[in-house]
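The structures come next, written out as structure tokens.
Shared between the two complexes below is chain A, which has chain B as its partner in the first and chain C in the second.
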Partner chain A sequence: MFQVDVDYLKRAKKRRDYAPWVITFFLTFAGIISALPIVYLIVTAFKPAEELFLYPPRFYVSNPTTKNFADLFAISSDSLVPFTRYLFNTVLVTVCYIFLLIIVSSLACYPLSKHKFPGHKGMFSLITTALMFVSGAAAVPSYLIVTGLQLDNTYLVYIIPLLANPTCLFLMKQFMDQVPDSIFEAGRIDGASEWQLYTKIAVPLLKNACATCIILTFGSVWGDAATATTYIYDEQLRNLAFYMNTLQGGLARTGANSAAGLLMTIPSILVFVLSQSKVMDTMAHSGIK
Partner chain B sequence: MAKTVKQKKKLAHSQKIAFMSFERRRNFEGGLFAIPWLFGFICFVCIPLVLSVSVSFYEPVLTDLYSFNKPVGFDNYVDVIQDPEYGEVVFSSFGTSLAKVPIIVAFALFVAVLLKQEFPGRTVFRVIFFIPVILAGVIMTYLMADGVGTLSVFSNIVATSEYGSFLSGSLMSSIGTTMWASSVEILIFLAALQSVPAILYEVVELDGASAWESFWHVTLPYISPFVILNCIYALVDSFVDSQNPVMKILNELTQEGTKYGMASALSWIYMLMTLAVILIFVLLTRRWLR
Partner chain C sequence: MSKKTKSQNEKTPVAPRKRFFNVETHFGYTMHEMWRHKISYGMIAPFYIVFFVFTILPLLASTVLSFTYFDGINLPEFAGWNNYIYLFVDDPLFLKALSNTLYYAVIVGPIGYLASYFFAWFINQIPEKIKPIYTLAFYAPALAQGIAMGAVWLVIFANDSRGYLNAVFLEMGLINEPIQFLASTDWIMPVIIIIALWSSLGTGFLSFVAGFTNVDKELFDAAAVDGVTSRFQRLIHVEIPQTMPQLLFAAVLQITSAFTVGAISQQVVGHPSPEDAGLTIMLHLSDYAGQRFELGYASAIAVMLSAMILIIGRLAFKLFADKG
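Moving on, here comes the complex of A and B:
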């Protein structure tokens, strides 16, 4: 009897062995297609001028060159405002924005999911509506409001108008819904205040959702050229994405532009690689049963 | 003696009230946490939205946008509806978006389930599938403008390969763009899959379920809210994508400068249609949404 069981287990183990290979094969195929944009980005950055203008564009480079990067540094060294200033602005704004976004979204998702405060249903449908908010037509009213609040031409304009991010709140609420109410009830019985419930229970449980939000929003803030174009008049306060955009236009700068595009992408990839393990960490470890 | 009883009763009563108000106070306190978000939401989303409704009933001029001097009633809406080009574009983009969603979500779920397995090089694959989101915004538009993701590039690849004859260029190009559109969904599914308690899998494994059965009876029911979330996300994402023809029309209208009224009218019609689609979807899938 026991012998049979062992045999069965052995066979089961053998049968499972080829599964990783099938997975790897499929993912490699799909991965190649998914990787095409980045491949194109990298390849373009090393293309010499005569290959840049080939049509249709190619996914390989015949004579790779680093001239594009040299051009980029040459252009940025004689720009009006030092390159490092743009970089500093972007880093400052991105860090502040993501920090505040996480706080604001997690603060809002906790009561939305765990308290039936008056109007919570209305608020949730507001979020779902906002998710499909067509921004094109409301661009002008938003401009008037931002200038009316005198946020224009300050660092705040990069941060405050974008803080109420419906996608992040929606995502966090979905994660919060998975957390059983009994954890919070237990905390309440032990005499924790609402603030303690939030900081001691909700925030640790939301770590994965936070990491997901960071990954989702980092790229959009880091590469946000529109805000600087619309609201910032002072060159000192403009960000890197804006500067990279000014490089566009002018055939002579196409090479430098493609090099800039590659350099702009590296931080986003780093952020993803660094925080992805958090997203993938099992929530089972966090005490949810 | 009688007094003390009365006092006791009063005390009990006030305690009861205190308890009620405790619950309420808790809810109120919790509600306070949502204020920062609500403030930003009202200022920067709601008010512009409401203003854009009123703009759609006027003929605003660029120099004086909110004078509201020239009320035109429903003229803007009539103009939009009567324009044959707009109607066609709106309906065709609706069709494409609706057709895309199930493919994107199914593909994302499939890839997420695979990426959850332990196998060598998992991190590399996760990064690769997420690249399109990292490239979002400026760079992706720049790439799109260059012709990546359009027919020309893919048909170029296909034409130079030996198997060009049986893989048509347009098929390749739609596979490519669908895959690039599903990165966020893959990420959400991956995170959702982590929230399925491992103990459930242990239980069904002891009961003799195969991996296939445990997917249909444990994984899928557990992550069903996320499937719906992803469907909505994919729908909205393709509706408001800057590559969407309706979005292009809207941009043209606002950039020409004089047609804010029409742009508002068109975007409201579009938004209400989107809303209707999502409402129908939510009503249909209600029982899976816990």
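Moving on, here comes the complex of A and C:
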């Protein structure tokens, strides 16, 4: 018969393990480098003009100021539409988009995962393939379809064309696969309708997956300048990202640009920090099996 | 077959139901099953309708348009394979864009992928409490996309001595005069690649971090019995097989993002770039679609790019499906 080498296991346990310290040290170093541009962005946003153009350039800020943000608002006061209007548009569109995205994706993931209707496998492999689709590749027909449906120059154009997000449906479906079928069977025996099973059982279980979808899509909607450039002709309906894009150019505005960049980035980082633990839970099931 | 079908079959002898379709035949059975699952179809309908109208339909239309001459105003005219022939024979810029894109993809694809995997693995080795901070530090560049980072990179790689990198190199005496990072044709692609690598720990990285966290710790004990005790051996014998699904998911995303490079180039070196040194397929495509309105030709470029990604993506599926 075979024998476990007990001594070997004991020796392995006794050996002092320094590796985590080495790895933590290495990761700290690499993490600082990785986060450096973000830190730089934050620092620059608070630099006064005389520090921005120092030679040799200096990384840190000695006299932090909020003047760059004031400048940003001042620049926007010359434009046709107040800064707050752009901000309002972006917030409105982002909230509506995420709300609808979650409803549409969760509604689709439940039957794809739990109902064996004819074609459910094909439907899902279509989504897996769609992970490889190039979003800009079909720009021409997309433009014709959007204008043909008269979605252009409305808030809807920010939302509807991007609503069917394959990555989100994919993650939600993989997450749903981990939920045992017996929960839904029990619900069925108690006489719940499919709609009730979805709202009462599936939706609460999908909370973490929803958080992941929010993180992955938030930045793309919040920073979506392309839609406003292509489809919106009315300044009143354009969003913050579009406005920030028009600001670019000219070293004289480096400070204001950094302030603008910071305003565009902070919400994404906040959303990530607030929902990181939930995201990890969903991502654990993200694999393609 | 689901349990629901079974219970229904059991009921049948008690109360025979009239059915619309003859369930004996294959077609009839399928139709019957489809009718029985009408609620399922209703639930997936909103997603798939939008998906069809704004994703599938444009792709199909794009494929059809690629065989035509189309300027967006007059009706498309059939062109046969001409657009594709022109692509490889008469358009040196496309070949330039293709070689730039491949150069980028060959470097950023694998390195970004491996970096995602190993940084995720390293993060998994450190104490649970500090994991989130490190995850954020590595994921932050991917979060701060687009507009925000453009400004930062422009200052770091600025061509004159005010650029951070130039200033540091000058200070250290490595160079005598500032390097034209954003203007020299030798430097444009490397700079784009460095920036891309910096922010390459994205969705795939998150997927890896979660995948490692989820590996059953009991497997380590089981492996230890077989003599697998070092971290590295554990990685090879336990963690890589266990994270195979995440490896495939991340590979698919990595391939797609590597081949669709364009936005970074546009932000950092502008478009058109000096001597088209930063031209990529995506930018070439947007030229023909957005500026020249040669929509048939633009579609041919798009179809080529999509085909490339799908073929390489399928290879990844083959590769990982065999081992997983």
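We take it that the second predicted complex is superposed on the first by the 222 of 289 C-alpha atoms of A that agree within 3 Å, B and C clash if a C-alpha of one lies under 4 Å from a C-alpha of the other, contacts with A are read in each partner's own complex, and residues count from 1 in each chain.
Definition applied: contacts are C-beta pairs under 8 Å (C-beta built on N, C-alpha and C of every residue); 3 or more make two chains touch, one makes a residue touch a chain.
These numbers were taken from a predicted model, which means no experiment stands behind them.
Asks: Touching A:88, do we find chain B (first), chain C (second), both, or neither?
Replies: In the superposed model, A:88 contacts neither chain B nor chain C.
Asks: Applying the touch criterion given at the start, work out whether A:244 contacts chain B, chain C, both or neither, answering first, second, both or neither.
Replies: A:244 contacts both chain B and chain C.
Asks: Considering only touches as defined above, state whether A:254 meets chain B (first), chain C (second), both or neither.
Replies: After superposition on chain A, A:254 lies in contact with chain C alone.
Asks: Looking at A:107 after the superposition, I want to know if it touches chain B, chain C, both of them or none. Which is it: first, second, both, neither?
Replies: Touch partners of A:107: chain B and chain C.
Asks: Report for A:185: first if it touches chain B alone, second if chain C alone, otherwise both or neither.
Replies: The second partner, chain C, only.
Asks: Which holds for A:99: it touches chain B only (first), chain C only (second), both, or neither?
Replies: A:99: touches no partner chain.
Asks: Which partner does A:29 contact after superposing on A: first (chain B), second (chain C), both, neither?
Replies: Touch status of A:29: no partner.
Asks: With the two structures laid over each other on chain A, which partner does A:269 touch: chain B (first), chain C (second), both, or neither?
Replies: The answer is both, since A:269 touches chain B and chain C.
Asks: With both complexes overlaid on chain A, does A:225 touch chain B (first), chain C (second), both or neither?
Replies: After superposition on chain A, A:225 lies in contact with both partners, chain B and chain C.
Asks: Both chain B and chain C contact which residues of chain A?
Replies: 19-20, 23-24, 26-27, 30-31, 34-35, 37-38, 40-41, 44, 55-57, 59, 103-105, 107-108, 110-112, 115-118, 123, 128-142, 144-146, 149, 160-164, 166-167, 169, 188, 194, 198, 216, 219, 223, 225, 241, 244-245, 248, 261, 264-265, 268-269, 272-273, 276-277, 279-284, 288-289
Asks: What part of chain C is in contact with chain A in the complex they form?
Replies: Of all residues in chain C, those touching chain A are 1-4, 30, 33-34, 37, 39-41, 43-44, 46-48, 50-51, 53-55, 57-59, 61-62, 65, 72, 119, 122-123, 125-127, 130, 132-141, 143-153, 155-156, 161-164, 167, 171, 198, 201, 203, 206-207, 209-211, 213-214, 224-225, 227, 229, 231, 243-249, 252-253, 255-256, 259-260, 262, 282, 285-286, 289-290, 295, 298-299, 302-303, 305-306, 309-310, 313, 317, 320, 324.
Asks: Tell me, which parts of chain A touch chain B in their complex?
Replies: 19-20, 23-24, 26-27, 30-31, 33-38, 40-41, 44, 55-59, 103-105, 107-108, 110-112, 114-118, 123, 126, 128-142, 144-146, 149, 160-164, 166-167, 169-171, 174-175, 177-178, 188, 194, 198, 208-209, 212, 215-216, 219-220, 223-225, 241, 244-245, 248, 261, 264-265, 268-269, 272-273, 276-277, 279-284, 288-289
Asks: How about chain A: which of its residues touch chain C in the complex?
Replies: Residue positions touching the partner: 4-5, 8-9, 12, 19-20, 23-24, 26-27, 30-32, 34-35, 37-38, 40-41, 44, 53, 55-57, 59, 103-105, 107-108, 110-112, 115-118, 120, 123, 128-142, 144-146, 149, 160-164, 166-167, 169, 181, 185, 188, 194-195, 198, 216, 219, 223, 225, 241, 244-245, 248, 254, 257-258, 260-262, 264-265, 268-269, 272-273, 276-277, 279-289.
Asks: Contact residues on chain B for chain A in the complex?
Replies: For this pair, the touching residues of chain B are 26-34, 36-41, 43-49, 51-52, 55-56, 65-66, 111, 114-115, 117, 119-121, 123, 125-140, 142-143, 146-149, 152-153, 156-157, 175-176, 179-180, 183-184, 187-188, 190-191, 194-195, 197-199, 225-226, 229, 232-233, 235-236, 239-240, 247, 250-251, 254, 260, 263-264, 266-268, 270-271, 274-275, 278, 282, 290.
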